[in-house]
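Both complexes shown next keep chain A, but they swap its partner, so chain B is in the first and chain C is in the second.
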Partner chain A sequence: MGLISFSINGTAVSGAEGETVLTVARRAGIHIPTLCHHEAVEPSGACRLCMVEITHKDWKGWKGLVTACLYPIEHGLEVSTDNEAVRECRRNVLDLLLARCPNAPAIRDLAAEYGLKQTTLTVDEDPTNCILCGLCTRVCAEMGHHAISTVGRGVSKKIGLPLDEPAESCVGCAVCARICPTDAITFREDGKTRRIWGQNFELLRCSECGASHITRAQAEFICEREGMTIEDFEKCDACRSRETALAFSRMVQW
Partner chain B sequence: MVEKEMAVQLKRLYVTPGKCIGCRTCELSCTFVHSTEVGRLRRSRVKVHDTGNETFIPVLCLQCEVAACVRACPVGALVRNETTGAIDVDEERCVRCLSCVVACPFGNMLHDEQAAMVVKCDVCGGNPACAMFCPTKALVYR
Partner chain C sequence: MMRFASPSALKAQRTKLETRAAKVKREILICAGTGCLAGGSADVAEVFRTELKAAGMKIGVRMVIKETGCHGFCEQGPLVILMPEKIFYQKVKPSHVKKIVESTLKNGEVIERLLYKNPDTGERVETYDRIDFYAKQHRLVLRNIGRIDPQSIDDYIAAGGYAALPRALKMKPEKVIDEVAKSGLRGRGGGGFPTGRKWATCRKVEVHPRYVICNADEGDPGAFMDRSICEGDPHAVLEGMIICAHAVGSPKGYIYVREEYPLARQRLGIAIEQARTAGLLGENILGSGFDFDIEINRGGGAFVCGESSALMKSVAGEVGEPRAKYIHSVVKGLYDKPTVLNNVETFACVPYILDRGAKVFAAVGTKKSTGTKAFSLVGKVKNTGLVEVPMGISLREIIFGVGGGIIGDRPFKAVQTGGPSGGCLPESALDLPVDFDTLTDAGSMMGSGGMIVMDDRTCMVDVARYFVNFLVEESCGKCTPCREGLKQLLFILERICGGTGEPGDIERIDRLSSVLTDGSLCALGSSAANPVISTLKYFRDEYEAHIADRRCPGGVCKALITYSINDKCTGCTACVKVCAFDAISGKKKSRHKIHADKCTRCGACIYVCPDEAIEVH
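For the complex of A and B:
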């Protein structure tokens, strides 16, 4: 137990045992770029953008590049988050990502930060915005749905549905689309239905104003988990806020 | 023992509806203090309702002891702030499934689509702007 002291860019920092370099760096306000990292799920080190250089006075001059999101902190570690070796490494990663996703704004912006206007490699014939980081699949599993996963291997690997058929466990919550760091997953809504992953989901609409937040399938999923009934979701937040005010006005005497 | 002492020290936002004149200064100040960029205003977490007969009631998060939003969150992104006693949204952890928005029975959990985040009253970290600017002291933090 006790705090582990080490340094990031020459500044003394400390963290608890088991914490990662990224966690401590963020807490200290030191910026390390990430794409596949999200606090809601375990780190996976997929995007390779959080690469940092580490060394230690006992390592006889040995230096190494590691992912900050996975590397556990240790006493006396010396971390560099922005030296030339690190920048070169990230530039190479972004060069590859840019070849795959030449049109993704998130990748283009990051690449520009590292001095890359366009990829030095051959642009993918079939460009996509998906970097295959799998954040969507990890969050989907965390939510308890397990609807999407990585499908195929090698160059044909993609994010998709098992056997490319509509998944029964998908509730159309669209968290995958909202959380995607490169906006590769899209959904369409017309006020009544939401279309995502090849399925149409009925949107649960407020009985008073018609506004909608979630799908009926997601509401049913929450009902089952929390022991609620679908009637609990009859009204939207705005109409419920108004109901609260009316209930108070009846209760309070003045 | 420590918990008891904490509970005594914690302040709360008190609403006195009879004093509210419906000027909505609270909504304006809430939006203002929570907006981080010029021209991109965030949604107000307090809402003044006209309930008829010229009575106005400001509705904001009650910071429930046993909160439906906290229970509904599948990733633990809603956490009680030990210093303010308010329930805060951990924006790094939130996955925007909107479970909390539909779970709150009082309609005090909001989805701010422009900010791409769920928002709720955080008592401004211990110095609520709504109470500070309320001209009639209908909202008081004590």
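For the complex of A and C:
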């Protein structure tokens, strides 16, 4: 399998055809900040934080900024992840995000790393914590639900439900809330019910440890898709794993 | 309407049509473009038909699209051209028709008052080829518009249409691509990418099916080149697409027409039906064994869907958001298949190239920018309209030669080209040649052909604000720099125009321009700062006047100007009557006075004043 050799910050690295600069950098332990990237979904290139500068000896001195999460590696590519041009671009992106989300800790921390304690621009009158990275909508689609999506265009873009009404396809899994880098999606739960995206969902409790581990709606969705039964969800992941491990260890002992 | 089973059948029909056309002694060409239709040209045509029937004259009255498109000269529309004399009548009303039939058609006398008047000499000009506006153009891609009925495939064939297609079908696809490459044709949508190279790259990708898409989204404000081509010569677009499909090996094409162009969509639809019936689209085209069909796809009112990757998402029924194009659409485009996307004007050039040869096309224009370019010349220029000129012509020749100079002969200030992706160039740039590369070096770009001429009564900061405001609404919102950056840029520009600009604003503008240019996901964002960057480069003093002196040199920004009445006032009370805010007082025959506290600077008084007595400070 032909390996593609290139360099990041002067260090020789290599990867397979089709891999991105970000994948190879992470494997080599080279840090590139990201916000809208997650292994669970396809990269989107929306946040523009993972900008790196690329050039090549055959490019007659041309260099440019690209997003590492999407740029496909090629032979002889020279990548800089932390030079002045890159830092300037990231700082400006964070300046813009700070104006939009002044109260989001993740943004404030990142901005501080680039020397910004507060934005130099006009703060939104009614700030949100949502940076419109789209991770929530992408993972919801990946899970098979398609319950939320981006709504509207440009400055009025937001994450929302179809026609702003609770979606039939939402199963209350809350993966959207968990994947959100700025905790912009909230939900409430007591032991019995989880309320998210305008709907109440019954939680199933583990027969072993009593933890509320999944909503009935999500369990039923998985049953339908995978041909399982609801009894398969009597125990939570941890207890089921322990049960399997114990059974296995008994087999081995024997 | 007949079906052509072979190239020889098509050729025979052409000969027949040409023979028939040669027998027609006289043609009456009535403009039926959107502008003239609005001016009543359909009624004019109707009266012509009635009158000629009553007079017992056997003359074919044909409705065709006028060469100028729909502005300027079509502000002087409805336009009627009488062939073979080329007599050019303007502002024709139904009530004029009887006289035209009597005097000109029967007795050969020209009606002076319906002729165009040369503004420099005051003379009436009889024929259109002696009007500077037409005489200085080189109409190649627009050659049929104004001469043929766009709803008649016979007209297109008789004018030489579908002669390139059989020739191309006989050639190997690679040879067709070679010919297009040799012509030097570059994308007319604004990108200027070599068309031959695009087609060649697509053909090399061993993935099927391959697609051909025509971008008829034409979103730049003020641009109407593509609309006029679609309305006036739709078969030229189809022929170009069919030739492309043969060259790259594609069975399916789409024309993405913006929602706001219903007439263009209708004319293209009719043309497609006619082409299908004639055996020029569909299965076994002209008996060659090649299959290709075209479908029209409607836009939904989004400028961003003119961006190729967003357009393809839209065609596929998804939300029109661009993607990073590190992998080009010719490799992975519509439905992740290899796709050639070209602009309307680009496709319309292709039949000409295959018919007359690459050398003929390349003989016009410059070495790196061959051929011609259509421009929509609008703004403060006398002869606004659709013009086509050879590449390499100077801005001065277009604006003052073809365009006739500035309205009212006011001083020229700037010309804006390239729409929201382009920039403004000042007087010092007037002698620059118009081509793909020179204007870009100067800080603007030729773009898709929009050319807005500005006089001294224009505020360049307001111009920048206008384009940023447009883009704020049209940004798809996916990436941070464009969505947030344009919003912040608009805040600052509105502050400056509103008289509350702050020190540090220009530095903020520079930073925002930088992140927009370097950080955006697509070309909408990465070119969004160009109007701001170019106006700051050439008109920085205007920005500084707004910020430091609270002054608008162009006299436009309402918060920074006041109106007053000078001693040219004759006391006619026209302004007093028209003012909706009761801001003007004055008795008859005495000089009126504007009260600044009530005046909103709406401009109605300036519009009605017969004595030019209202001044802007």
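Convention: the second predicted complex is superposed on the first by the 229 of 254 C-alpha atoms of A that agree within 3 Å, B and C clash if a C-alpha of one lies under 4 Å from a C-alpha of the other, contacts with A are read in each partner's own complex, and residues count from 1 in each chain.
The working rule: a residue touches a chain if its C-beta (ideal position, glycine included) is under 8 Å from a C-beta of that chain, and two chains touch if they have at least 3 such contacts.
None of these values were measured; they are calculated from a predicted model.
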{"item": "Touching partner for A:I131 - first (chain B), second (chain C), both, neither", "value": "second"}
{"item": "Contacts of A:R242 with chain B and chain C, given as first, second, both or neither", "value": "first"}
{"item": "First (chain B), second (chain C), both or neither touched by A:L65", "value": "second"}
{"item": "Which of chain B and chain C A:R194 touches, first, second, both or neither", "value": "neither"}
{"item": "Touching partner for A:T120 - first (chain B), second (chain C), both, neither", "value": "second"}
{"item": "Touched partner set for A:R205, first chain B, second chain C, both or neither", "value": "neither"}
{"item": "Partner chain(s) touched by A:R108 [first = chain B, second = chain C, both, neither]", "value": "neither"}
{"item": "Which superposed partner A:F233 touches (first chain B, second chain C, both, neither)", "value": "first"}
{"item": "On chain A, positions contacted by chain B and by chain C", "value": "none"}
{"item": "Chain A-touching residues of chain C, taken from the complex the two chains share", "value": "302, 304, 319, 323-324, 326-327, 472-481, 483-485, 487-488, 491, 508, 511-512, 514-515, 518-521"}
{"item": "In the complex with chain A, residue positions of chain B that touch it", "value": "17-18, 47, 49, 51-52, 55, 57, 59, 71-72, 74-75, 77, 90, 92-99, 101-111, 116"}
{"item": "Sites on chain A touched by chain B in the complex", "value": "38-40, 139, 142-144, 173, 175, 178-179, 204, 213-214, 218-219, 222, 225-226, 228, 232-233, 235-246, 248-249, 252, 254"}
{"item": "Chain A residues touching chain C - in the complex, by the definition given at the top", "value": "44-48, 51, 64-67, 70-72, 85, 88-89, 92-93, 95-97, 99-100, 120-122, 131-132, 134, 150, 152-157"}
